[in-house]
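Beneath this line is the structure, given in structure tokens, with notes to follow.
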Amino acid sequence: MTSCAGDVPVAGLVIGVGNPLRGDDGVGAAVARAVAHVERVWALAVTQLTPELGEALAAAPLAVIVDARVDLPPGSIHQERLTGTEARRHAAVLGHHLAPAQLVDLTRLAYGWVPPVFVVGVGACDFDRIGALSGPVAAAVPDAAAIVSALLSAPVASPGG
Amino acid sequence: MSGSGQDQAPAPARGEERIVIDPVTRIEGHARITVTVDGNGAVTGARFHVTQFRGFERICLGRPMHEMPAIMARICGICPVSHIVASSKACDEIMAVAPPPAAVQLRRVINLAQVVQSHALSFFHLSSPDLLLGFDAPAGDRNLFGVAAAEPWLARDGIALRRFGQTIIETLGGRRIHPGWVVPGGVGRPLEHDQRNAILAAVPEALAAARRGLRWYREQLDRFSEEVESFGTTPMLSMGLVHDDGTVAYSDGDLRVVDGAGTVVADGIDPRTYHEHIGERARPDTYLKATYWKPLGHPDGLYRVGPLARLNVADRLGTPEADDRLGEYRERLGRTPQSPFHYHEARLIEILHGITMIGEILADPAVLDPHVRAGAAVNRNEGVGVAEAPRGTLFHHYRVDDDGLVEWVNLVIATGHNSEAMDRAVAEAAARHVRADRLTEGMLNRVEAAIRCFDPCLSCSTHALGEMPLVIELRDAAGVLLDRAARP
Amino acid sequence: MSVHTFTLDGQPVAGAAGETILEVATEQGVSIPTLCHLDGLSSVGACRLCVVEVAGRPRPQPACITPVEEGMEVVTRSEELDEWRATVVEMLFVERNHICSICVANGDCELQDLAVDLGVDHFELPAMSPRLEIDSSHRLFAIDHNRCVLCTRCVRVCDEIEGAHTWDVMGRGIDARVVSDLGTPWGASPTCTSCGKCVQVCPTGALFEKGRAVGEGAKERRPFLPYLRRHGAGTR
């Protein structure tokens, strides 16, 4: 799922989170695929955030994490920038299932630096279809991809923390 | 998952109380620990239960032999490679073929890569929090975040070593999990020039990480003399595979067994005859079959497998730097260390050896030989395949009909070999730390940490859905809940 | 040769008398999903995947066996047809045991491709999960009835091309099975020439070469019979 050419500096990392076999949970992967062709974008599709992604995150100048959200109306898109240290560390009992803020924390701790990280959430509702998104969520993919592309191309203030 | 209502533990005798730790965290899979204490709070026994039934030995009945590696890979998402190697070797036996030399070497490489990445997960991600921060540190800190905060390089090295192993598996097998590349008769595709060079280029960085981890562990060891003593030091047999020259083997070799004093009990045992030497016991309260070394009977024939046991049975590893570290280890701890705590150091030495060995094997251009697969029909109706999985010796034993359809399967897995050794380690750790009237965090974690030394892989492939709470229950003889401690 | 003109998805087209809708559509570059059909073999209209709507006819018609007629109005794509085809594929899946992850044909399977193309990503019908046997008695090949979709390509290629007529269909409906020599184990078949054509034309992993591991069952379905095309030259 890598679309960055070896020596060209990467403009941004996109991590689509979710399981495409679980209906709308696959929206993260779908958006990652949609932006994978954008020049100098490094797009990854993962089923969950793991500590290993810290390596990629620390190497990127900017990152966008795309995930499904059950607390938003289906197809609606919410974006936020993760700021400061949100020390939600306790939950990593098994060590391989992280929230975006935890991945950012872990990366900052382990690699001493973390790029600006945005989280784009897409409202999701139907998790029963195997490998397919529901209508409103599928329709939101191009919009979400456009938002991700815009985030990657916009100048960003240097990280606060 | 275990139903908390149906308690599978043996009923405690009159006047006894029982402590249940359910489920155990930071191990792969689901399990539960029952510690039985008498009225005075003295530990009378411990049992480690596996509460999931998988049924792989039934699923594959009637299937064509050539499907077996792919079916067996699904047993586990952590060490599928070892299952694929053992399964393919059982099929080699049934076909009565010897895989071409390049295929043998490539199977070694992928199995070693599996060992490296699995050991890195066990040590850096799961166990280093306890070692770095202490068993009594708050549970909220005792995880990879705590490690990254205190020793960032340690977290980075763990991540990098896992990437090293997984990248090799992906390169050779085509995917990280359940690669279909190791097949009956050899491997599916030859190694490409570029692939080989890419792996070789990653070796120095991985070696540096392995060295740092080992050095750091040795600096910590003095702080844990109590745990070293209390994690089950009862002398026990060790079993593992060794090559003819006495070096440790992972994908081939014969079985060797040594006792607690380092005396060789059995050597040069053809692993295909394992059933003549290894007894299996099914037990009513766990789905884990327990094993023992038949000639010594039960319980004298209890043995351990895995990193600690492999280092105990082998004369040496076969790579100079790792052998130097092994020499120092033996100088400090004796020829055959017995405390399961030393699984950690054994694991780190194996990581160093594994990376070096991968580099040595791939340095030989013969590994690029395009001839990597032998073909044949069914020439025998029975085959045993053996491999050293990260956690220990793994046997796959199949019987097929004349047409190659599977009629019977027996699997003996590392955690089965180790199950009674784990019971003992838990009992000893509990005896030191469990008090019937006090459910302290430190006790809880020491009992768990004793188990984690073995890095048990329990039901495999089922990653936890969400975070599992740790619950410990204290019950009286009638099963009435007396006390309960839980952490979120 | 007389020529019929008619419309295909609204476009005027012409076909020779005796040609089927599928043949003309193929010549016109209009793709219609098929499964039991294979160029060079007779058409039987068994799988019903190639159904098209023909104005004036009450039910969808199988394109592979419906001859073109003057003035016909044929529609090859519609929501109803998509649903129909998807249901056919779903029924094929639930009727037997198609487990791609351990299948020799994984990645080279026409049923798998159809499911992807038609968006069949889950089953609403209950899986029947029958326990079916594998006949692995042949020296080179095996048949796993769990993966058979009863397309009868094997029956036809063996009869029409090889001339051996080893395969037949026994039983009816849900109990139907492809059998060799009236139920003789394949390995004991007196008629089988071991030519392997049935294995090559099988759309799934039901017929496979022994010794192939998962995903290694690459078959040569299309190039296998190019010389037998009745119309035009070369393959699609």
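Read from first to last, the chains carry the letters A, B and C; within each, the first residue is number 1.
We adopt the following convention: contacts are C-beta pairs under 8 Å (C-beta built on N, C-alpha and C of every residue); 3 or more make two chains touch, one makes a residue touch a chain.
Model, not experiment: these values are computed from the prediction.
**Q** Think of each chain as a node with edges to the chains it touches; is that a line, ring, star, complete or other?
**A** complete
**Q** Comparing the two chain pairs, does A-B have more C-beta contacts than B-C, or is it the other way round?
**A** More contacting C-beta pairs are found at A-B.
**Q** State, to the nearest whole Å, the distance from the C-alpha centre of chain A to the C-alpha centre of chain C.
**A** 42
**Q** Distance from the CA centroid of chain B to that of chain C, rounded to the nearest Å?
**A** Inter-chain centre distance comes to 47 Å.
**Q** How many angstrom lie between the CA centroids of chain A and chain B, rounded to a whole number?
**A** About 34 Å separates the centre of chain A from that of chain B.
**Q** Spell out the part of chain A that touches chain B in their complex, as residue ranges.
**A** 51-52, 54-55, 89-97, 102, 105-106, 109-112
**Q** Inside the complex, what are the residues of chain B that reach chain C?
**A** 62-64, 66-67, 69-71, 74, 178, 180, 183-185, 188, 375-377, 401, 403-405
**Q** Can you check the complex and tell me which residues of chain A touch chain C?
**A** 128-132
**Q** Given the complex with chain B, which residues does chain C contribute to the contact?
**A** Residues 101-102, 104, 133-137, 139, 142, 144, 187, 210-216 of chain C touch chain B in their complex.
**Q** State the interface residues of chain C toward chain A in the complex, per the touch definition above.
**A** 119, 121-122
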